[in-house]
Amino acid sequence: MSAFKDPFDASTSLTRGCSCGQHHSEAAHQADLAGQTTDSELLGNRVVEAAVMRALFPHDATRRRFLNAVGASTAMAAISTFFPMGMAKEAFAQTGKLEKTSLKVGFIPITCATPIIMSQPMGFYARQGLNVEVVKTAGWAVVRDKTINKEYDAAHMLSPMPLAITLGVGANALPYTMPAVENINGQAITLAIKHKDKKDPKSWKGFKFAVPFDYSMHNYLLRYFLAEHGIDPDKDVQIRSVPPPEMVANLRANNIDGFLAPDPVNQRAVYDGVGYIHTLTKDIWDGHPCCAFAASKEFVTTMPNTYRALLKSIMEATAFASKQENRKQIAEAIAPANYLNQPVTVVEQVLTGTFADGLGNIRKEPNRIDFDPFPWHSFAVWILTQMKRWGQLKGDVDYAKVAREVYLATDAAKLMKEVGMKPPTATSKKFTVMGKEFDPAKPDAYLKSFAIKST
Amino acid sequence: MSEPLIRIEGISKQFTGRDGAVTTVFEDLHFSVDPGEFVCLIGHSGCGKTTILNVLSGLDQTSSGYVFVGGREVSGPSLDRAVIFQSHALMPWLTVMGNIAFAVSSRWPEWSREKVRKHCQEYIDLVNLTGSEKKRPAELSGGMKQRVGIARALSIRPKMLLMDEPFSALDALTRGVLQEEVLRICAETKQTVFMITHDVDEAILLADKIVLMTNGPHAKIAEIVVNTMPRARTRHDLHKHPHYYRIRNHLIDFLVDRSKAFAGDSPDYDPRHPPLVRPGLDATDAVAADVAKPLMPAKPLVAVAG
Amino acid sequence: MSRLMNWRAPMLSLLVFFLGIGVWHALTLPTAAPQTVNDEYAALVGAAAATGQKSAFPTPADFGKKVWQHLNEPFYDRGPNDKGIGIQLGYSIGRVLVGYLLAALVAVPLGFLIGMSPTVYRALDPFIQVLKPISPLAWMPLALFTLKDSAVSAIFVIFICSVWPMLINTAFGVASVRREWLNVARTLEVGSFRTAFRVILPAAAPTIMTGMRISISIAWLVIVAAEMLVGGTGIGYFVWNEWNNLSITNILTAILSIGLVGMMLDLMMAKLTKLVTFAE
């Protein structure tokens, strides 16, 4: 948590002036929105400064004392005299020579990783001059460890993971960034075929559910969904963390009654006649983020050009994937053993949204999965409220700050423009989850409004 | 008389048991072995015979007293004193040749492989094992194994051979054959030997002097019997010599009765000079017994129960 | 007659084999059931699901076909995440050998020292006893965290698991070298170095080799689990990847090859053990 303070802000302020929480006032917020580049440069600067400050003062308390004593601007000036801060900032802002061209990016074999995976066979990495090896990985804990160990330069993660890693929840705190969301929607609740008559969630008491990871949208969405139907996820059902590849096997063996899982797991359960798709997560929260492209802050700051090129490839791939007409082609590219290792039809049904539901019906949901890279700060804030709601995060959280530091919305916006996508003008927005509105400016009030939560 | 090869002066051995009690196995032993002499030590189990041999070889230490070999105090094992172990102690992963070569190349590390081989062959032939050079101990009979042990001990040309009941694990026939081999080899090589046995006939056959030990604990040397039989002995003719039964009866008498009763407190007894007796020459003592036992077996192979 | 006797065991083996295959075949015979869904839906799901059933366990014929396919192309390489079973086995064997040899390099000399000195033996025994029963996979997170490299971690896990049987057996073998052989060496005034190599080592060799044989089996058991965890390459990764794909035929192929390689490693060690074993 402490690692996320604004590097030149000595005090910790919990209330912020603007709706996104990033600006000191609403006016500044508006001004930034008017000139996106200014904002992006500002943020770029801050990233560099933060890295320098952190390198100089690894202990937060020391840094705060230093800043309190001399003042932020004096500190900046003093440090600039011996550290070429300007140069570092420029390096980040400009497109320069790639620091490294051979990269390793880890992924979990699920359709959420589509942009990361497809960029390899479809040449999006190569177009940026990068030689990227995409490495299939056994689970998120391993992805996390291998990224921390620098075996991977960047990786496919669950969107709550960079937040958890930075806050030191479930791992040692390490500054992490999430410059892009990979997919929105694309998950589903799947139940065992034997429960085909128990469609009402109120009848699910005593069920055993699987989610891919504790710090996953899947966990939060399932808990949210159950709680909205009056089922206390901590008391009335069992929720376990099971790696996606093991989910269908467990469902088949009757070890679990259902799961909220990433695809192709849901469709694979249907394909094997083991389960049926109960609810698509787009019907819980349309447009929710799921998986993300993440990199350590160190990678972002020490290899800004490589980072930019990599992110640009992902953005381009995401833009390509967001077009319905390309989906079949993508399915064919990512289904082979080297990537998802699934029958093509399974991947195709997921991506096109025309799929068998496991009960004999063919459903057509074109936005079953979609791709939108923009890492809304409000997504991070919502995730943080759920982390607090279910007791993963204790104490006070500066929601806006953590969101801003980890979800690099401005970088994303800038690159989205470069690849011809239309980034939103704001970095934060309101949205509704199962008919209930979420206002990112009032996270605590939102949190208080839930009847079912861990205490 | 020349300086003895081995001189033992007042050695004793004590063990501290688990309960802290100190047991004295033997105490204040004095005796010596002259060059070329064959000395046997006889005594019941528990009188510390093997300990004495280990002390002589340098593998064990005394609690007090001194052992001199060639005028120098023993400080540890030495190639001068070769040991023939009761259990032959051959290394099972080496062949007959390998076992002997291990000893030879330890004695003369500078020797070439060929020289070592030739030297070993000499000793293999000496103990009549020609043809078995490439066999491993597991393929040999007990008697053959002990022959290898003897060849290994002799091959390093020690000043002194120490034998710890070398034939006790063998059957009677094999034992007899090996005893004669040792007799022959010793005659050929004039080897000085110190041997532990509890076989009275073996001692009479082989030894020049027989050291008699009382029972432990606090074992002492009761007396030293001089074997007055002529040196050219054979197992076959041994019992025909008039001295034989006298010595034998004397020894058995000692082992059966006196080894227990001997207290060493008679005023004549001086542990530094244990009495030297020659029962073979003592006609009055044993002839009667000789006559009284006409049905003595032809091959007297009486061993004292260990 | 005796020739007939010699054939009995192999005949029985064959019988068991064909009986097993037969039972397997009978149990996996597809049950003919009518399609319960329309053709359009059936095209979207697996054959079993189209008849309202769960996907079935593969038949021996399916398995045979898959094995044949792998045998025909054991060394293909279609990218970092899709390599032939031969390559994967190669990675695993390589890892096992590196970890195992490192363990031998540490365990045998250390075991020697421990075995030579009763004091050291007693001093280190509690540590060995505590560390020995730890599951290899319990070391994995620790290794990943501290070594910061998954390839090194996998090797470390092999190392840490195969080191104990070798260490304990070496120490035990050295400590229980027959006193009389050492006495022979002492009376021959053999130096401690020569004693170690010419007497203690050959005397303890059968025990040491037994430890090494146990170790290689453990190492082979561990590598599969370790690779399932770290991923990337190796037969363990192959199993995990095919689990991901729910491809039972591939998993069976992997199981078969794991068994065969394990047997080969064990046979190799058995041969080596026989070389140093002596009869007494």
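The letters A, B and C name the chains in turn, as written, and every chain counts its residues from 1.
Basically, a residue touches a chain if its C-beta (ideal position, glycine included) is under 8 Å from a C-beta of that chain, and two chains touch if they have at least 3 such contacts.
Predicted, not measured: the structure shown is a model, and the values here were computed from it.
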So, comparing each chain's Cα centre against the centre of all protein Cα atoms, which one is closest?
C
Could you tell me which chain lies farthest from chain C when each chain's centre is the average position of its Cα atoms?
B
Chain A to chain C, mean C-alpha position gap in Å, rounds to 39
Using the average of all C-alpha atoms in each chain as its centre, how far is it in Å between chain B and chain C?
56
Centroid of chain A to centroid of chain B, CA atoms only: how many Å?
90
Parts of chain B lying in touch with chain C, wherever the complex brings them together:
57-59, 76-79, 81-83, 85, 87, 89, 91-94, 102-103, 106-107, 136-138, 156
Which bits of chain A are touching chain C when the two form their complex?
109, 133-139, 141-142, 145-146, 148-151, 193, 244-246, 248-249, 252, 268, 270-274, 336-339, 341-343, 345, 349, 355-356, 358, 360-362
For chain C, which residues count as touching chain B in their complex?
178, 180-181, 183-190, 194, 198-199, 202-203, 205, 276, 278-280
In their complex, what parts of chain C are in touch with chain A?
36-37, 40-41, 43-46, 48-49, 52-55, 78-82, 141, 144-145, 148-150, 228-232, 237, 240-246
